[in-house]
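Next come two complexes, and both contain chain A; in the first it sits with chain B, in the second with chain C.
Right, the complex of A and B next:
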């Protein structure tokens, strides 16, 4: 039913204005010429982008964040894939619990997690190292990799794997030629979401960075607190750009797969099997 | 090497499958000769698919063994069994073309490029899909997908082809056509086929032999004609084709020719038994609608029952008619021209009978509420 309250339209319009407003402002301000975030930015200038690209500290942070996001996303996709393969097909005591455990980083208070992880990593001498950050990011991104993957694996028709096996294919061959191509949308979506989450993560990372290593969002946080370096505007714009690109990629992959009829939704015959 | 002429291609030997306390398959044994077409027929939940999956190696039997071409399959993984499967949902690979689907089994076996291409072309030609190799699966019709699944399974020359209700999703006309083609392909290749279905007509038209399953057990195994004409149990009689079942007491018997007093005083009928029954025991008689004689034809017989015509339905070549005895109801079906002569109309009183040879005695009785005490009299 449609709400006919006349007030709704301005409210909805306001939401659509205010929701992306900060992003627009940040991007606009990043092109300013002055030494502070200024609106409207006039005259337009690439000054702060040039400053960013010639600052090794900023570039180092960008490199760390990209590498960390890539490796952490890979690790959590691999872990999530193994978990999904088992949890989608087998029901055993505790399988439901394991499924919940994988989603736990989503709801567990990040500050508390940070305190625990700092203590843990320090005791192994891994505080302020890439390996330490990687472990934490892999944990934090796991739910984002797991959710799309479990969906893909569950919708994968096991008859296809059995058909492949009856044709002589061993399990690894079946995985490579049949299962993985069919769950590709879940793999890509899971990877990109994990990548974005890792790339944007601040709360827990802040506890773990040190003088030797820092990530981009944490560096921005410190830059904003200590100085009012206008380079921050340029950096933020880049982050927004990377995130938007990743989300567009997700949409494109998912839509393409639907068009191509992958995932079995287009089969004219029922996908059920009677266990007669 | 065992002599292939004497060793059955497939042997299922006292195989059982238990899930907890449930016996999905209970001591099933049968063997299939090379080139034979065997159908496992039964209602859903009778265990027929589980038997198929045990032959394929996806399910390990709780007891008993499966042998393919004389080789015991215990512990042999599905990919080492040299079998082919066509699933009910076909399970074609949607991310591959028709040609890639069919080539899959050959690529797994690392056949060369030329041999693979030739194999794919031959298999597609066999199922009448020449020139379809570069099509995508989602561009095909249901019948074409069916053929691709068949070609994919046959391209590796399996020793046994297992078919799990492969035609279930097709409409009736296409299903009949595919049944004929499937049978033709099977004859031409001489491949051993094992089909699972719940469709008795499909089983009768395609199979060399049929195994009827119920509650995880084989009720009867034999040719379609044997099972249709000489069922060994009430279940088989009712599951294969339409039949009328009347229960009663053995009144007299002359070797295998038996006279049965039908419950509720409806009268006595005659039937043939496999072996002489114990006089006085409770039995059932199965008679097919097409074997029921009506009107004058019935009155010329030494015995007949009297009833009342219920519904008369015109079904093309045949006229189907219900005859109401008191409480019991019999189906009769006769050629339309004979029906016209018999002057069948609802509520008309009518005689019915049959040749003893057309009625078959079965052990056991149907629930007695099908018959009531009545006043129908046996006619002279």
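Right, the complex of A and C next:
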């Protein structure tokens, strides 16, 4: 059927200009001599990238963010994988509730979640530490890891596992050689999603960083707010680059469409889509 | 696969993390009801006694509502376009997903470069002689809503796109071959069947928008505070955890009050649409 909404063509065209606009601008500005987008934007220069590479504070923040995202995403995916194995196979009192709680960080307003996390870390005296940030990021990324995994585990053909077991394979051998390879797309999607979400997170994290530790997005936030450090453009372009690399990785391993479908975006209540 | 009771052991890590989360939530609620000498509503009474706080709560809800409505209006045709797109479908999908995955601070920085008084848009307008003085596009609610729509739009598009993917295109064709005009077939067939996607997109966008901090802090003016920015100030300038906790509980409560009816509607509609498609 033809699309006959009034004005739809200009609207769709405008959306596809609107969405990439700020990102394209960030990259363009990072190469300008002043660090801002002047007209005309000449001469081009790499000075902000060079300035960035000699700034240990920025490099430290990049290192922290990469390490945090990697460890938090790993923890979150492992937790979600274990939970999905149980929740996809068994129904028991409270199983639905656990599934809902796992999705909670996605729908809970982040400003409120930030206060929750501050209170939680204060109780352990873990504010401003890597361990504290790790705990919070593991919780925050749970929905993004759980969603694709529960989908994969649910669509898993349990006959394959049973066949392997009836042929005498031990449970962990079955897990390693049968189940895990079958849910590989879910695992990779979940991990990359969790990694990106952790690497990008700022709203909650900025309540928890301290003098000893800060993440890249939080440092960018403070740099924008306080002064206008032109290095921000170069650093932001690097973030865009990391994101593009991650998305390319996704496209190689799973289809982009599948990735989008699991983005925790098609319904606020989990598992329903997975049943379909 | 491990079988039997030992399988339940696999739930332990999740239960550990969720217990910590629940503990934090419980502590938040407890602090907000603590009056210093017992349990009471004092901090909530204190919140609603301040007209500036109440105005801020309304502003938060209105900004979230405006963002949600704009996202539906421009997201629906975009999702439809992508779902029907044959040739460069993955390219268009990429144009939605890539900005969605780039950090909010980076995108906000891009908007500052674009929207500022000396930003690209105003520079171009002045250069073309369209305006003498720069038009204020930032440090006001216009800037905040532009930034928020940019953050939320991909969520909305992907949610509606998922609904379109479940939609059987033949249904609309059938309606038309039975004599329905395109508009009728849209209103009576396509729209109802994709409504569950719209509803879940709306819930997600509304909820996430009520809790934003970075966008209103960087793109809004001093008088455009939202609940999120106020919570930020209570924590970092006033150092008042109890006040921030009260606001956080109110924020979550507002979300629940808006979302529960929406979810109920969505469930009803998806039941209807499934019945219609069956």
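One rule holds in what follows: the second predicted complex is superposed on the first by the 245 of 276 C-alpha atoms of A that agree within 3 Å, B and C clash if a C-alpha of one lies under 4 Å from a C-alpha of the other, contacts with A are read in each partner's own complex, and residues count from 1 in each chain.
One rule holds in what follows: a residue touches a chain if its C-beta (ideal position, glycine included) is under 8 Å from a C-beta of that chain, and two chains touch if they have at least 3 such contacts.
Here the structure is a predicted model, which means the values were calculated and not measured.
Once the two complexes are overlaid on the shared chain, A:77 sits clear of chain B and of chain C alike. Of the two partner chains, chain C is the only one that A:119 touches; chain B does not reach it. When both complexes are overlaid on chain A, the residue A:157 reaches chain B alone and has no touch with chain C.
In the superposed model, A:18 lies in contact with chain C only, and not with chain B. Contacts of A:188 after superposition: neither chain B nor chain C is touched. Contact with chain B, but none with chain C, is seen for A:167 once the two complexes are overlaid on the shared chain.
When the shared chain is aligned, no partner comes close enough to touch A:52: not chain B, not chain C. Of the two partners chain B and chain C, it is C that touches the larger number of chain A residues. Of the two partner chains, neither chain B nor chain C is touched by A:62. In the superposition on chain A, A:133 makes contact with neither chain B nor chain C.
On chain A, the surface patch touched by chain B in one complex and by chain C in the other comprises residues 165, 260-261, 263, 266-269, 273, 276. Per the touch definition, chain C reaches chain A in the complex via residues 1-3, 7-8, 10-15, 17-18, 20-25, 27-28, 31, 73-75, 77-78, 80-81, 84, 90, 92-114, 118-120, 123-124, 127, 150, 153-155, 158-159, 161-163, 165-166, 169, 172-173, 176, 182-183, 185-186, 190, 196-197, 200-201, 203-204, 207-208, 210-214, 217-218, 227-228, 231-232, 235, 241, 244-245, 247-249, 251-252, 255, 259, 263, 266.
Of all residues in chain A, those touching chain C in their complex are 1-5, 8, 11-12, 14-16, 18-26, 29, 36-39, 78-80, 82-83, 85-87, 89-90, 98, 101-102, 104-120, 122-123, 135, 138-139, 142, 161, 165, 171-172, 174-175, 179, 196, 199-200, 202-203, 206-207, 217, 220-221, 224-225, 232-233, 236, 239-240, 243-244, 246-247, 251, 256-257, 259-261, 263, 265-269, 273, 276.
Interface residues of chain A facing chain B in the complex, by the touch rule stated above, are 157, 159-160, 162-170, 173, 177-178, 181-182, 260-264, 266-276. Note for the complex: chain B touches chain A at residues 42, 44-50, 56, 58, 77-85, 87-95, 104-105, 108-109, 136-138, 141-142, 145, 152-153, 156, 162, 164-165, 169, 196, 198.
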